């Protein structure tokens, strides 16, 4: 039956176009409108029409729009606590596991405090998939093969790749295609398989990694706290009830796109699969040391160790389920 | 010495009586400041050229790109995209449609110019205040670039500062136009002049021409 | 916040914007003022004004935009690098034998200079001094001499480097490299059609432009080294960008550096360098102010939902897409009579571009078409800045006769646009071939 209530319309600021990444919020917006008989509407504004992606928190804080999507690596300084999710080789390969861990991190006091600064509350994560590398030339089958490769990787993942002896190059994402094609860059890391395909990287690449899972980042949707507080209880409940099905829609969207992309990747490119022993070796060199550095850098600002422990504990817990 | 701004050497009694000298003195005080700030912007553009070349050579020849190059360039945009804003206003460099104002003379023209300054003063005041709070947010709650994690607030504050220089310039304009409104027969002093299109074309041509001329003069002096 | 619905506020905003612009308020201020008031009317003071406060910084601070000062700098330094005279010399020796040969040479020389300069008016100004005296001395008619220089100047924005193409790319979120590459062939085609028009004109009426005979192949070969600076800048920018060595900004930096070295070798001193840099800073801040000012207005239009509704309106029209396109182009001709090219693009694209895409046109193609239209407006009355510039450099040639002389070239431009409409591949082939 229809949920009755006052007329409310929300604007949600995001960037790019409609895609797998936005499927969860698309679903929420459609459901909210349907369930309230068109009384409560959330309109997604694409293409940075309402704000630059990296100023979305500012827009939330000044109340320019009620909801916004964000990616933590666009503005590390605005959300230092959430950067724990950019640490390399976190065991977040499975999307269900990733969902549980991210939900737990979003509830951590340090994370909440960052969001409070922007008068924001996190609603749901976009569950950005794990990154994988795709590149041109000889596939890096062994650990040593990464030495000297010029790769595009940011945040903790970048630090990890440096420890493996790779050289970091920074170019805007749309330039990666040309860079790989012309050989000024050997490989680039993107959320797998979703972004590789959207930047058309397979066209110019020779290989890809599929189980390296070197890291990910956190992107999601936040609400303006006052706007949410002003909602009638039945709307609040509706939004919260929609989270679980929205996560399922989000996960399915990524799976669907993998199903479409993977056969194409495999047909054209060499798939690099690492053994468990190799992965352990990777982690020993490039994971723990980077985590420790990050904790040391941030321990005076917030409970960095606590966040990291939480991630690992929740991942273990969720994986057992 | 700025060749683009004419400054009277001797003052007619009429110019004196209408406050022309005072306005000229204010302009004479502020113009070097805005020009110096614009010069910083010019230097930054030269540096952008040099660093760009270094980046290519570093990456292609030595395989070592400058870390955080993109961040640094974005950081410096507030220098070369904003700092010269008052200087540009003084030299009538900001585009506008002069179809109507170009045909007007005397008091109606000065009224319209005063109106334009008031609109601009209002907008720029908002931009200063809210640009400043934007910078403060970045300072208080943190905001940094993606790769090198350079804090953003200085760059944001610089934008507010640039608007402040523009604001001062707009006040000088307003005073200058107000003087002309009161004394429509007085000679314009220290205001961006309404260049009609033809005049603009002449300046454009002179700019290109003068530069070449100067070179030729130097060439003949050297030989 | 107010009783009005967003559509109405949007339309009121557009009208206010036009009024402010007409009353001579600087375009960036007019756009920002209307955007500010409109946003405040829709989402309240703190949110509206707060959002306006973020826009200048957040919109300007984008790595892609940093290519603009580099391109502008190349243009200013090029004046000191002794490029213009040697280009014209070479063109004269190679093409002078044709009917109207000096005029044809002027077209190719301006096209060559376009490869280092993005400014139409500056190009017209320089060649008014370099080419017109020689044409008049050779007995060419004033109209032809003045017209060819005014029209040739417009090639500067199609042939890269070009600030306008960069701005288009940024507004519509296209690849800057792709657009710059796309401008190349249309620029050359425009030049060829200009040359063709001159040939026809000079054939019909040999008095307007006699052929210049007497150059030997030796003369021609000897003139070639003079074109080396331009060719090297073109090669540097293109190879650096398309071999992936450099981003457009870096390629622009390298191009500027090479022209800078040439200018030093030609004896450029500190004062001239300082002037060039200050002029570059001035033009850069002007363009950036337009960008953020107009984007404030556009943010307001976005909140009002105007672009969306305009798109719905356009796509619901009962005409073929090409008919709608002709109407849009006509609109640009009219607007362009009165407005400056960059301002016109910035103001119209946020609303027009989505509609054009919905009609199924290619975004690169439309960019070149729109920029070409903006350039035609530089030579059409009542306000054709290029014509005024020519007349300003040559006070003996009245503006009216420049406009008359430009007439055949405007016809050439319409033929060129027609060619692009019928064979869009002329525009899309090069970027699609070189960048897949």
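Should a chain be cited, it is by its letter among A, B and C, assigned in written order, with residues numbered from 1 in that chain.
We take it that a residue touches a chain if its C-beta (ideal position, glycine included) is under 8 Å from a C-beta of that chain, and two chains touch if they have at least 3 such contacts.
Protein identities per chain, from UniProt: B = TRAP transporter small permease protein; C = TRAP dicarboxylate transporter subunit DctM.
Small disclaimer: the values here were computed from a predicted structure and weren't measured.
Farthest chain from chain B, judged by C-alpha centroids: A.
A summary of chain positions shows that the Cα centroid lying nearest the centre of all protein Cα atoms is that of chain C. Put simply, the C-alpha centre of chain B and that of chain C have 23 angstrom between them. Centre-to-centre separation between chain A and chain C, using Cα means, comes to 40 Å. Distance from the chain A centre to the chain B centre is 42 Å, each centre being the mean of its Cα atoms. Along chain A, residues 58, 171-172, 184 each make contact with two or more other chains. In chain C, the residues touching two or more other chains are 50, 54, 63, 245. For chain B, the set of residues touching two or more other chains reads 59-60, 70, 134. Only residues 58, 61, 73-78, 80, 117-118, 150, 154, 158, 167-172, 184 of chain A touch chain B when the two sit together in their complex. By the touch criterion stated above, chain C contacts chain B in their complex at residues 20-30, 32-33, 36, 49-50, 52-54, 56-57, 60-63, 65-66, 69-70, 73, 79-80, 121-122, 125-126, 128-129, 240, 245-246, 249-250, 252-254, 256-257, 260, 266-269, 271-272, 274-286, 288-290, 338-340, 342-343, 383, 385, 388-389, 391-393, 399. Taken together, the chain B residues at the contact with chain A in this complex read 59-60, 63-65, 67-71, 134, 137-138, 140-144, 146-147, 149, 151-152. Partner chain C is touched in their complex by these residues of chain B: 38-39, 41-43, 45-46, 48-53, 55-56, 59-60, 70, 73-75, 77-78, 80-85, 87-88, 91, 93-101, 112-113, 115-116, 119-120, 122-124, 126-127, 129-134, 155-156, 159, 163, 194, 197-198, 200-202, 204-209, 211-212, 214-215, 218-219, 222. Considering their complex, residues 43-44, 46-48, 50-51, 54, 58-59, 63-64, 173, 175, 177, 242-245, 247, 299, 302-303, 435-436 of chain C touch chain A.
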